[in-house]
Every structure is written in C-alpha cells, then in structure tokens.
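What follows is a pair of complexes built around chain A, which joins chain B in one and chain C in the other.
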Partner chain A sequence: MSQAPSKFADASLQVNRRHVSGKLWLTIFQVATLIGVVALTVLLLTILNDSFGYVAVENKVDPDSLAVNGIPLDAQDKETLMQTLRANISAGLYARFERDQPFAERDAANVYALIQEFVISPRILESWTLYDSLFIREQISETLERDFPNAELQFRNWLSWNFVRAQQSSYPEIAGVRTAILGSLWTIGIAIAFSLPVGVGAAVYLQEYAQDNQINRIIQTNINNLAGVPSIIYGMLGLAIFVRAFGLFTSGIAFGAVDPATANGRTILSAGLTLGLLVLPLIIINAQEAIKAVPNSLREASFGLGATRWETIWAHVLPNALPGILTGSILAVSRAIGETAPLIVIGASTFIQVDPSGPFSKFTTLPIQIFQWTTRPQGAYHHLAAAASLVLLVMLLTLNATAILLRNRSRRSY
Partner chain B sequence: MAIPTPPVAPLRRRTRIHEVIIQGLLFLCGLISIFVTTGIIYELSKEAYLFFGYQQWLPAHKPLVADIAPEQTLFEVGTQGPALEVGSHYRIGDEIMLLEAVDGALVQMQRGAQQTEPIAHRAGLTLSREVNPNLLEFLTGTAWEPHNGRFGILPLLNSTLIVSSIAILVALPLGLATAIYLSEYATPTARSRLKPILEILAGVPTVVYGFFALTFMTPLLRAIFGSGVVEIYNMASAGIVVGILILPFVSTVSEDALSAVPRSLREAAYGLGATRLETAIQIVLPAAFSGIAAAVILAASRAIGETMVVAIAAGAGPNFTFNPFKAAETMTGHIARISGGDLSYDSLDYNSIFAVGLMLFLMTLVLNIISQRIVRRFREVYE
Partner chain C sequence: MQNSTYAIETKDLAIFYGAFQAVGNVNLEIEHHKITAIIGPSGCGKSTVLRAFNRMNELIPSVSTKGVVLFNGHNIYERDVDPVEVRRHVGMVFQKPNPFPKSIYENIAWGARINGYTGNMDELVESALRGAALWDEVHDKLDQSGTSLSGGQQQRLCIARAIAVKPDIILMDEPCSALDPIATLRIEELMYDLAREYTIIIVTHNMQQAARVSDYTAFFSLSEDGKRTGQLMEYGDTKTIFTNPGRKITEDYITGRFG
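Showing the complex of A and B:
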C-alpha cells in the first residue's frame, strides 16, 4: 500500500472516506451472507407451499351411499366391507385381489383401502398451493364452480400419515412413499455394512501401519481424488461392474434365490454396493481424522505395557476414535441417502408397488421417487414430490442431529 | 521375602502370524480405493473405446440402377442424397464393399470387404454407409445425434460449461463475501448461528434443489424476463440453483483459508492504520489466495459433475446454444436420461454414455488435480 505524499494533505477526509467505504462493504458482505440464509428459507417455503393446499376432488361413488343398515363405511366390520367391495367391482378384479393376497389374510383396514381406491375412487381434478389457498380463496371457489361443478373442495395435507404408509400408486391421491423409504433403508444398510468396515480398515492402515513410501502416498492421494469424482460416474461404475459383470451374483441367480428367467442385476444389492463405494472415501477421510486425534501417549503407554500394535489399536485407538468414526459415518449415510444420480444409472425401478423383500429385490428410493414425481407434468405430482422431499429432509435432519449430539457428547480433552 | 523371578521371555522380536494377517487385511482395505479408481478408468475407457469402434449403417439413399453380379466392381447407382465418399465402406444386404472411385453415377467398389461374401444384388436395393464415431468429430462436432451418425460432444459440453459458469458467477461473489464476513467481521455468536445454516444448505439433497429450480427459480425467471424469452426448461435456472448448491462449499472452504491467516498479519496492518476492510481485502485475502482458488476450482468441479438439478431443470435433448434461457442438456443430464430407461448392454446408447462419462471424469479429475497443486505450490507458510 503505497500512497503518494500529496494524499496526506487532507488526511482527515481520507480517513472519513476510508471508513465510509468500510461501512459500505460491510453492508455488502452482510447482505451476501444473508442471501444464503434467504435461499434456504425460500427453498423450505417452496417445499411447504407445495405440501399443503386445496384440491378439487370428485368421487366416482358417494361414500354415504355405501352405508349398510345406517352404519357408515368407516365403521363397518371386515365382512360388511367385503360385501360392499364385491357388490361394487367386477368379479375379475375381486378374483385378482384374492390372488394377490387372500381375503382371509387381509384385515379390515386393507379392505377399506381397496374400497377407497376402486369403489369410491376419489380423483383430484385440480390442486392449489398453500399460498394460493390462503390468499386467492375466492378465485379458487370461482374456478371450482365454473370448471368442476361436481367436485368438492378439500384442504389437503399431502404429507399425511397415509402418505408415509401407502405404497406407490399411479393415482396421486393415494400414492405414498413406503416402498421408497424401505428401499432407501435397504440400500443404505448395505452401503454402510460394506463401506464402514472397509473404510475404517483402510484408515487404520494409513494412520497406524503405513510407512511414508510410494504406494501409501499413492493410496492417500487416490482417496482424496476419489472424493471429488462426480457421483454419476460411480453410477456408471456400478452399472458396468455390479449390474453387468457380477450380475449373476447381484441378481441372486448364483444363490438360487430368484427366478433366473426374469432376474437381472438392477437390484438393491448393486445399488447398496455402489453407494458404498461412493461414500468410502468420505468414511476413510473422516476415520483418519478421528484416529489422528487419538493422542500418541495412549499408544505409547499401551506399547510400554507390552501390547502389540494390533492389540493397541483394538483396545485403545479404536475405542477412543469411535465417536469420531461414528460421526463421520452418519454424515456419510446422510450423503448416501440423498444420492439420486448413481441410482438412476444403476437402473432404479420406475414403478414398483411391492415392498423390497431382500437384497435381490428391485428397488426404488426416496430421492428417485422425488425425481420421478418432479418430472411429471401434472401438478398433483409436484405436491407428492414436495411432501416426499419433506420426508427426506426430516430423515436427514434426524441423522445430522444425531451426529452433532454424538460429536458434542463424546468430545474429550486430553 | 524372596521375590519370585518371573520367567524370562526371549528378548527377540517374535513374528506373530495373526498380526501379519491383520496388517495384510487392512492393507487390502486401503488397496480397494485403488481398485475403485482402476475400475472407473478401465470401464469408462473400455466402453468409450467400443463407442469409437461402433459400426453403424445409415441409409445412403443410393439405389442400384441395375442388377449386379458377384464379381462386378463397376456399376451405376442413383445420384440423389449426399455424395458418396471414396474410402468409406458401404453395404448392400449382407455384403460390405469399399468405395474405390466414383464418377457421377458410376461407382467402383472393391467387393466383399470386411470378410463378407460377394453376392449378386437386384436393382433397387439401396446402399448403406458405414458410420464410425471418430475422436476428431467427437471433440469438434456441433451435433449429438448418435443414431443419425452425428457424434459431436460440443452441445453437451457447451451447456455443461454454461451451467457451471452461471453457478460459479453466483457462488463465487456470494461465497467469498460470506467467508470474509464470517471470518473477519462476525461476532462468535453470529458465526455460531450462521454456520449451521450453511451446513444445512450443504446437506439438502440435490434432487430437492432440482425440485426448487423447477418450481421456484424457473417461474421467477419467467416472471422477470417474460415467458417468451425464458423456456420452461432452461440453463439459467439450473445454473443459479447449482450456484446456491455449491455456495456453502465455497464459503466454508474459503473461510477456513481466511481463518488460517495468522493474527499477527492483521495486527500489523491495524498497527499501520489500516481499516478492517483494507486489512481484509489487501492483507488477509491475498494471504489466503491459494486456499480460495482451490475452493473455487473444486466448486467448479462439483458444478460440472452435478446431475439432478440439470436433469430436472435444464431440459432434455442436446442443444447447441449460448442462450442461457434456452433448454439444453448437459453431459450429466444426458447420461442420466439415457441410462434412465432399460438400457441394453453393448448398444450404441450404452457405449456413448460411457464416452461422455469419460470426458466428464477427465474434466473433473484435471480440475481436482489443479486445485491440489495450487494448494501445495502456493501455500504460504507462516512461522
């Protein structure tokens, strides 16, 4: 910072000007920081805006007309419900339900759900956002009277308990995310079961055993590079290796678990392993940090008592690094749970209604479901995507809160 | 009282076999990361290689004028459509021929090329031309229609770069200003409240950002610039949202770099009469430059590899345009869309997405390596 001497002539003015520009820039910095906060707020508001709102619903059959002997539909027992169902749908459809799952095994709630879907069959003709519902109520009523005279206006909470519990459906009014949530849990479970032991093993090797030689340096650099590979590339790796090359194993054909005629490698197992590879560098790097933080005095004390290297690691280093390793793993899980791109490449199913039953099942996950609903042109699906996003965010928030709690509770000083 | 002498252990180092096995296993865990990298490079290169060797036959719109015998090398074909190329392979039925010379409607072919049997053909059968993707066309072609024999990656690359540039234009000033505010101005309380918000912003799944781009950012842009100008799917909306997505990344890493600058430098500047702003901009920022540059390059690499936002909001279908308000598919968006269906192995589509994937991988790899180099070379070491 060199200044010409002449500038000193009016030093007090200079100081004022410098302070004014300092204040101005401070405001700019503050505004820029606020924009991040605003972006997050707007993001959440957008999702909430689409998760609630009025819908125009038209029933094929008025539910009141289905009352038997004055007992309304929702208070009927299973036998009555079954009669109502049989009376209102074709014999073929009834036989199909019997084939899918015998009526003897179904409970009243299940039969009631069938009546809801196939007899009453409410259809959403039009839907509005929360903002519209609150501020242009009159316009909505007008539209309703003009365009949908037979429809009824209901305020719908898209994120209902039914939404979380129900299976995927091609009708937005009854579609839910149970299959997707289960799919997400399965894939994450497999991913973590694979990458946690391998990742911690690699971290232990690099921190406790590795000498500073060429190969170990390559491994370390390589891990850092892997962390920067786009996730869709991992999807392509998974497609080529797990789905295709090891298709015999990932489809379950090699274990005789599935029908070889229809099975292919696009299964939960392939998806889980791919996500496992994706989070592996994250787990290794976090575990390395955790192991690095264990003070050397602990190791030396253990060596001094005659413990071998592995005994020291197993009895002292790992237990002390455990909270850090767990925190890192939870962060890895929350990364994996939101991943969409690699699973699209692996070949997540576009539409399945059957809950995943094991590692060889076809799968869909929560983010995949959000993606598919978002890309549908019809407005009603956007509400589903918003509600599913909220479910996903709640899952993530729970995970992260656990990680933070774990981090704070286990903070030890030496 | 006599102390019993403990049994004397031999004082040499014993090889404990299970210790060796454990060390070996742990080493294998470390090696897996090498396998992953090798696997990525091998699979991408192999399928990309198959892509460049992919043999495709496209109609040349040249019917035979008369029947030809198996040994006949000189014959006449129709003259409509694009001109025939000397040196290219052509096919009629099961037979492949090499075009040696062409004179108006008259062509001279080497019959039975590529180990096919020369056979007689009837008049009216049309020629098909062999189309191979080649590297030069791949890198310079301005149309990506693999099924029509056009293999230029530029439309995909161009939209990837436009989306990433918009993202960086959003994330760099905002992220840097946030980092300066957090590290140089904010009180510890303000920082402890703002940082978790940025962490949440970083933790939101990208597919949710995609939903946000489509349902909020696109309507906003259409309201500002007019829906005649801004298409429903457009690069600008995707770029801005990708910018918000990488913003926490830029700000956190830059803030770490700024905080790493020692206090003594700031105090020296204050001692010379510099204001807070002058210290931040002229002293701290240059000292932390390498860290910030590395952060920005890493952020660019993430923007290039980002898939879901562009798959949802930037549009489906390659489009070579520089107008950010138009729909154009990026490399990642293309891979996601093509592989979204039930892709059959060894098809042109399957091989082509690996060629695009290889390009993507190399771009991000180069950026990552540059950023690591910058950190290593320009790191200021303070005593």
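Showing the complex of A and C:
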C-alpha cells in the first residue's frame, strides 16, 4: 500500500509511527501471555515429573508367597485375607486391630491394606523422577546394583487408584489421601452450607431492601474490605471464635455426640465455619453483582402487576440471578478448597488415619496433607505431595468447569 | 368499583426527585372508559405523573409526592393504602417491552396467581391473549419464552399480562416507541377495543397517535420560570386540543413549532 495515491500519503498523520507503537504494545502483550503459559506449563510438568518414576522397593515378605490355593493376594476374599493376616502377624497386633475397629466391620480393602502395611511391608529405598527414569535409566540400574542389591526396580505411578483410596500412613509406599479428600469435602460442604444461605440472604437484603443510608454504606464498604483480608487472619478469627469461644458446640460436647474428656474444638465443624467466613464476603459480593445484573424492568413489570417485594424477589430476581450466584459461589469455594493457613491456625491434624465421620471429627485436608509431605526430608514424600497436588488440581478444575458450564448454559436475553 | 365521577382525579399533585420539583400543580380529571393521552416535550414530567397514578414512583428512593390522587374517589396516597393494592387496580405497560423470561403462559398466569385468581387458568390465559390480539399468533407455542417473541408481540404480551389481573385502569408509557408502524397500528387498534372495558391513559410523543386514539388530551410543558418544573398547560377533549387549542404554547407544540 506504500504506493498508494497521494491523498493517502498525508505525513502529518504519522501513520507509520503510530503503527510501530501499536506493534510494540502487541509484542509486550504477547510476551506477557507467553510468560503465563510457560509458568503454567512448568508448574504442571514439575508436578507430573514427581508423580511418576522408578522406585527401588524391598519387600519384607514376597507377596507371591502369600497366595492361598493358587489364588493371588489381590483376588482373595475378606475371609482369606483375614487368615493370611492372622498367620503373618503377632496375636497382640491382631488384637489391637480388632480393638481399633472390629474385623466384622472392616471390608476386604481394609484388610488388604493391613496386609500390605504389616505383612508385605514394602519399603522404598530410593525414588527417581519421571525425567530421570526416562533419560538416565542406566545410571539408575547401576545405583540399584551398587547400593540396594536386594531391592527390585519398579516403575511407580504415585497417583494410583490405591493412593486416592488409601489412608494416611507413616510409610510413604502405602500412604494415600482418602482421609484428606474426605476431610476437604466435609469442610467445604460445611463451608457451603453455612456461607451460601447467609451470603445470598445478605446480598438480597443489601441489594433489594437496604436503603442507601450511612449505616448500609459502611456495611457495604466493610464487606468489600473483608474480601481482601488475608486468610491467616480468618484462621485467627476461627481459632478465637469457633475453637475457643464456642468450643463446647464445635467439639460436639454440648450435643453429647462425643467423649468430653478427649474432645476439643479443633473439628471439621470449626474448619468448615472458618472457611465459610472466609468465602462469605466473596459470596455476598458475587451474589450482589448477580442480583444487580437482573434488569430493573423486570422488577417494574412485577411490581406493576401488584406483586409485593418478596414475590418480586422470589419469582423474578432470584431465578434470574441464580446462575450468576452459583457461578460466583463456586469460584469462591474453589478458593477455599486450596486454603491451608487458616486451617493450620485452627489446628488441623497433621497426621490422622481415621476417616472423618461427622462434623465433630478431627480432620486434615488435601492442602494440609501436601504441606506436611513437602516438609518431610525423605524423597518419597515429595512424590506423594506431587500426586496429592494433582488430586487437588483435579478437584479445583472440576469445580471451575462446573461454574463455566453453569454460566454458559444460562446466558439469557431479557 | 365505578362509583365516582372520574377514574382518576388529581388535586395539586406535585412530585419531587430529592429537592428537584419535577412536576407541580397538576389538577386533572380522567374519565372512565376513555383513552386519555398525555403529551408534551421531553423531560416535562409525563412519565412521572403517569407513574404517580399507581405509586410506581416510590420504587425510586428519592421521590416524594405531595397532593392528592383520587382513584374512584379514594386518595391512594392515604397513609393506610398499600401500594400493592393500588397497582393491582392500576396496571401498567412500559415503554420497552419487558416480558418475564418465562413461558408465554406463565407470563400471564403469574400475575393472576399472586393476586389470588382461582378460576380456570387456561381460560384466563386465552382470554387475556385474545384481549391483547395475540392469541392467533401464539396459541400453539404457549410454552415458549416470552422473550422469544418479536418486539410488537412482546408489547402485546405485556398488555395481555396487564389485563389478566383485571385492573380498572391501564397506564401506558410510550408503548409504541420501540415498535414499527405496523405493530404500532395493531396496538392502537387494541387500545380502542380495550377502552370498552378499561380506562386507558397513554403517554406519547406521537401527535398523530394522540389525535387518532385518544378521547382526551393533556398537554404538559415546562414552567416558564426557569425552574424546569412540569406543569399541566391544557386539558380537554382531543378534538378541541388539536383543532382549536386554547393556548399558544399548545398550538406551537402540536404544530411542531415548539421551542
């Protein structure tokens, strides 16, 4: 176009220079995007790198030797597994398992886990990352022969079904995240049950009822500011209120649900309520935005027919705001799922083997489990932390995908 | 309910947005079962006055209303009058069609239901849609969303929705301003039919429309004292206002020589 007719060659427009500065900005934006993409990729690769790889394993007892009548251990029923277990551990230990939880109540998987842990008792002596496993295989073999002559080299998928299903354990080879997943689900469930109704209620009040006066403006400003308060401070708040002040209730003692001698307020209920408080301002603000987005013409139409304010809210405002409210709430909750600091403050258990059974149980959650594993010196735990991170990421992505789905499905025209 | 000479009668009606007086001194008598048009330049308070007739102004927090609005002889601004009840008797059709994002059927049934209608809902929906000259176009898609209709159809749906609660008066604020001439004509024909059963008050910027459909015309304009307060300049039967206006300002406005 440079040979364009003269009327397109007005130098005073400085078109070229303006295009250059435009291109400069474009480059900056592209670089910024690239940095983001690279960072994400590196993060994901690091986690994946730690989630798979060779391990040097040494079993106390060869699992093949535990086959009964030619049936391998994996395929045995509960009765057979119990016999195998009894035959290979001391009577005292067996009695202790019975005391912890009667065998009649345990399922086959549980007995299998006991055999794994106390009979076969595999020990991981050394572990390698996926990268090392793929590219320095020879070196690994040499190390194995030199340092661990009795060990067997196995390719281990740290993120196995067993990992998701198994309880926490002090042995990394059989440790899993079931307790942590259940703990996360319980706390989040309680957080939602608390913050969604309260948050939507407050949003409806502020948006549809509250007059524009000094007090309500102060309330609004406070809510906006609360949304930015660091989560650790919510932890302090939860500790002071739920664990200490209302410990009688959050521990379950007041309801006679637990043994008063051992119970304390560091329960799932306290954790859930603390996370609920944490996301409450976000839920209120999101719900307010969703309610604000409902066009006024709908309210007028409703009032014009002789509807009361509540009828208008219930029949028109809330149904039309609902997708927005849900989307916002899910995104708020997905923030809470990853929270670690406040739960550490209110006293999550770092090592816990019993599944949470209700709101008054002790608990741990996925991020806390990850945090705890990363602080261990042994390499095997870092693989566990990476695998648990993947589980957490999958949970988060599922939630976010739900939110996006909800939003896309309910784009409406008024 | 028709126990008073006028459907609506205002006495010294004045309406304020905060400290700003939008209209003042409005004394107006609206006849039963007639179409009354409110005309006047933009910003003179036509909508404000219209919305005073069913207490819709109260939805705006800053509004205060002085004076008296008699509906069938009762002052609707009396302390013990519930605006919800007023609006049930004085329906409204808005400038921009605003059907609920629900089915066509539900659009009509909802208002009737909250107002305690217990009769046959199917019949009511059909009669309201027939009354709004929409039945033939939508009778086979009553479960479709009201928002899926064309603009003109949406506006007739809004009219059907308003008449389904059987009000005495229907207020219309520029109901045709978002519609094409053919849709406008249909609404105008509809107003004729509706006037047999309802008292209709319509705000319009369209002089021809006012002249065509209305029996009475109220002309509002801004006061000349510079305070920009809307005032009722002239009121009378439409023929007189359009052919033989009593004031120069009215004549200027009607003939387009205004301002």
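Convention: the second predicted complex is superposed on the first by the 362 of 414 C-alpha atoms of A that agree within 3 Å, B and C clash if a C-alpha of one lies under 4 Å from a C-alpha of the other, contacts with A are read in each partner's own complex, and residues count from 1 in each chain.
Just so we're on the same page, a contact is a pair of C-beta atoms (placed from the backbone, for glycine too) under 8 Å apart; a residue touches a chain by one contact, two chains touch by 3 or more.
Predicted model, so just to flag it, every value in this text is computed and none were measured.
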item: Touched partner set for A:308, first chain B, second chain C, both or neither; value: both
item: Partner chain(s) touched by A:298 [first = chain B, second = chain C, both, neither]; value: second
item: Contacts of A:392 with chain B and chain C, given as first, second, both or neither; value: first
item: Touched chain A residues, chain B compared with chain C; value: B
item: Chain B versus chain C as contact partner of A:32, first or second or both or neither; value: first
item: Partner chain in contact with A:244 - chain B first, chain C second, else both or neither; value: first
item: Common interface positions of chain A, toward chain B and toward chain C; value: 308
item: Chain C partner contacts - residues on chain A that touch it in the complex; value: 211-212, 295, 297-308, 311, 315-316, 320, 412-414
item: Residue ranges of chain C in contact with chain A within the complex; value: 54, 56, 59, 61, 84-85, 87-89, 91-92, 94, 96, 98-101, 110-111, 114-115, 147, 158, 161-162, 165
item: List of chain A residues in touch with chain B within their complex; value: 1, 18-19, 21-22, 25-26, 28-30, 32-33, 35-37, 39-40, 42-43, 46-47, 50, 197-202, 204-206, 209-210, 216, 218-219, 221-226, 228-237, 239-241, 244, 277, 280-281, 284, 308-310, 334, 337-341, 344-345, 347, 350, 367, 370-371, 374-375, 382, 385-386, 389, 392-393, 396, 400
item: List of chain B residues in touch with chain A within their complex; value: 16, 18-19, 22-23, 25-34, 36-37, 39-40, 43-44, 47, 173-174, 177-178, 180-182, 185-186, 194, 197-201, 203-212, 214-216, 244, 247-248, 251, 274-278, 281-282, 298, 301-302, 304-308, 311-312, 332, 335-336, 339-340, 342-343, 345, 353-354, 357, 360-361, 364-365, 367-369, 372
